[in-house]
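Two complexes are shown next, each including chain A; its partner changes from chain B in the first to chain C in the second.
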Partner chain A sequence: MLELEHITAGYVRGEPVVRELSLTVADGEAVGLLGPSGCGKSTLAKVAALLHRPFAGTVRLAGEPVRGFRYRAPRAQRTRIGVVFQQPRLAADPRLALRDLIAEPARATGRGQELAERAAALATEVGLGPELLGRRPHEVSDGQLQRACLARALLLRPSLLICDEMTAMLDASTTAALVAVVEDYRRENGAALLAVGHDRVLLRRWCDRVLDFPAVPATA
Partner chain B sequence: MNDASAARPPLLAVHELSVRFLMPGGRHVAAVNGVSFELAAGECLALVGESGCGKSVLASALLGLLPGNARTRGTALLGPDDRIDLLGAEETTLARTVRGRRAGLIPQSPAAHLTPVRTVRSQLEETVRELRDTRRGALRAAAEAAAARAAFPADHLDRYPHQLSGGLAQRAATALALVADAPLLIADEPTTGLDRDLVDRTVDELRRHTDEGHGLLVITHDLAAAARMADRVAVMYAGRIVEVATAADFFGAAGPRHPYARGLLDALPERAFAPIPGLPPELDALPEGCAFAARCDRATDICTTLPALTGGVACHHASEAVDA
Partner chain C sequence: MTASAAEQPWHAPGTTRRGTRTARVVVSAVLVSAAALAVLLVPPLFPLDQQAVDLTAKLSAPGADHLFGTDEVGRDVLLRSVYGLRVSLLVGLVAALVASGIGLAVGCAAGALGGRTDRVVMRLVDTFTAVPHLLMGIFIVAMFRPGVWPVVASVGLTHWVSTARIVRAEVLSLRARPFVDAAISGGASRLRVAARHLVPAVLPQAGLAAVLMVPHAIWHESALSFLGLGIPAHEASLGTMINGARGSLVTGEWWPTLFPGLFIVIPTLAIAGLAGAWRERINPRRRSELVL
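The block that comes next holds the complex of A and B.
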């Protein structure tokens, strides 16, 4: 599904935070990437999500090399990937009611009508009742907002879901609930998962394979 | 709690504390409802619960930092000597004699708490100057001593907040909270977003400050951190304390007694990894009876009446739960 080959990435040329890193996520596989804060795992997650252009290396999605990142990434490739970030407050447009937040990718791709039913079903799946869907981010808790962000990431039925510290801000029960939603989705759709985090116990329980970030072999 | 602390009046005695937010259209949000607890010097009490259950509002209430539309009831006596009611005191009293001096706050996101355009040293010196009558010439040494107490490395004092890692920013904020040697420390989610190693280090440092005689009220949803540092655990649900237990009982063989608390522990990935079904009730529409009944597999008719917190647990079915 996802192949990262010899990725070197960072923000200042000459000081890469990720060096020569290779990693493969097979179709339907769940891979956990473990590392302490500041080790570059979020940068790698952004490269994998086509949100950050690496200095060097190749990213292949379903066998096809990725030629552009961020707004230059082809829509057909971008929409195969769903992303959930650590901090829902930073990842959610504060002006949007949760209902519109979940439907954001549908509107961005001009498929709002077609996906309205799916958006409503996903809201129920992540546990958001109708009374919450009319609220805006400042009127809900972190846990409720992260539920909406997960629903948004699943709306276009991605074949790869990337979760960058999705549950780091959340309590145990919400964590278990969101992981259960991800796993139900993967079972039904055969989607792959790249989960980045620092909680070894959680990733071991959640993923098929867990890699320690610095120990990822340079040539996999 | 040891015998010496039990004989003295508690450092902090909160009685029937309630916080209501008045909302437009005459709505009320009941964020904290009739919460009572005591905290002794040298004791760490962990307040745990899901996000949005009222934990942080409780901390803000104790420090007089609630927004203007909040209304509080109850008392919160801060000792040990010269007891003052934190809820009834004037803002000027709180500002001049309580915050920073008698009650220190270790904030949730230290990077956002620090002033971004000033170095750690400059912020520490300012705090030392404000809180302790230190001569100008002695400021530098006093600030360095304050940094050392929080294990903040001296060679990082001239850095700006954005140049600090999460763990160092945490220690800088802790150093500020410790400057005046306030007997009560309130830590609001001190480990959120830190990785496990940093969580353990932060927790051990907070535990050390507790062992030095500070009373520590730590608000957290991180049960592993609570297990590592707390003497007692209070579980909050929908603005009420539903269980209070010693950490040894709560995390040990005895286990929690309230169904919600058991659900929280069972949700941990090292245990059953099973979420509690449903979501907590909205705080502007709390049910008359037990707020957890709608999610509870033990709920019966009696749960439509509010269970009182008796013997450390607020549940009509607590005694059955122990056998299960």
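The block that comes next holds the complex of A and C.
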């Protein structure tokens, strides 16, 4: 599904955060990426989500090499990957009601009408009642907002879901609920998962295999 | 008295900072409303000729016949000041809209596209900033026959730079946020991200810049008219009135210059006061920076 080969990535040239790292996620496989804060696992997740161009290395999605990142990545490649970010407050446009937040990918791809029912069903599935859908991000809790962000990520039926510390800010019951939604989705759609996090116990329970992220020396 | 109450600073009623701010907003709103009503209602309700010359009453001091006195050819200063304010507010509002529209477009384009486009656009903006804008404004009005629209163009086309910088900085900060990443991941095009997420987010800042531009544009119109480059001399404009009455100021007749001057100063302070309140509302952290 996803192949990362010899990826070197970072934000300042000459000071890479990720060095020469290779990773493969097979179709339907769940891979956990474990590591301390600042080790570069979120940067690698952004490269895998086609949201950050690496300095060097190759990314392949379903066998096809990725030639561009962010807007330059073809829409068909971008929408095969669903991404859930760590901080729902930052990952949600503060002006959009939860209903619009969930439907955003459908509208962006011109499928708003077609996917309207699926958006409503997903909202129910992640545990958002109709009374919450008209609210804006500042009017709901972190957990409720993360539920909406997960529904948004699943709307276009991605074949790879990237969860970048999705549950880091959530309580145990919300974590369990969201993990269950992801598991159901994977079972029904055969989707692959790349889960990034600190929680070894959760990742071991959730993923087929867990990789310890290589530590980066403090002085590059 | 409890210890915590003793630590609170004491304010006489109506003298707290909040009270001062509210008073400023109320006074500003009343003054702006009065100016707007005057320029909208006086011309249709009182069909008086603001250009009517009465040489027998030239330079009459303020009195019952002429509340603000008359000018050097006997025209009513109050009536001409209202007509002049109408021109000033028209120029101020339209020029602010033009400048803010250009600034919003340039700032969004530079910030949203980034990279080489941003560098090229911002170097052009730097070049534009290096030329004094009054000089550039004079150059623009000099290309056309005197009138309101060349003045609007002169102010609007030379005052978009600050809005462009504000909008660009805001867009640069927004485009690195995860909600933009989420939109890109969901298949949104660059245009959609700009239109749905970036522009709506910067509109309050751009709107505030536009309101703050209004008083500045009024001053520019008055300056150009004072220099004889703005509104034609026979038409009432606050700048042309002050320019025409300069001589009488030397001989002790103060009213033909003072009242048009007050018509410039008071509405601009009132508009700036309302803009300050708006800024306070959309960005409370900057309250301490407020001057007006």
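The rule is simple: the second predicted complex is superposed on the first by the 214 of 220 C-alpha atoms of A that agree within 3 Å, B and C clash if a C-alpha of one lies under 4 Å from a C-alpha of the other, contacts with A are read in each partner's own complex, and residues count from 1 in each chain.
What we mean here is this: contacts are C-beta pairs under 8 Å (C-beta built on N, C-alpha and C of every residue); 3 or more make two chains touch, one makes a residue touch a chain.
Values in this document were obtained by computation on a predicted structure and should not be read as measured data.
With both structures placed on the common chain, the touch criterion links A:67 to neither chain B nor chain C.
Using the contact criterion defined above for the overlaid structures, shared-chain residue A:187 touches neither chain B nor chain C, since it reaches no partner.
Of the two partner chains placed by superposition, only chain B is touched by A:174; chain C is not.
Contact with chain B, but none with chain C, is seen for A:199 once the two complexes are overlaid on the shared chain. Of the two partner chains placed around the shared chain by superposition, chain C is the only one that A:95 touches, whereas chain B remains out of contact.
Look at A:104: by the touch rule set out above, it reaches chain C but stays clear of chain B. Touched residues of chain A, counted separately for chain B and chain C, are more numerous for B.
Contacts from chain A toward chain B in the complex involve residues 35-38, 86, 127-129, 131, 140-144, 165, 168-177, 179-180, 198-202, 204-206.
Contact residues of chain C toward chain A in the complex are 177-179, 181-190, 192, 196-197, 200-201. For chain A in complex with chain C, the residues that touch the partner chain are 46, 49-51, 70-71, 75, 78-79, 81-83, 85, 87, 90-93, 95, 104-105, 108-109, 149, 152-153, 155-156. Put simply, chain B touches chain A in their complex at residues 49-52, 165-167, 192-198, 221, 223, 263-265, 267-270, 273-276, 278-279, 282.
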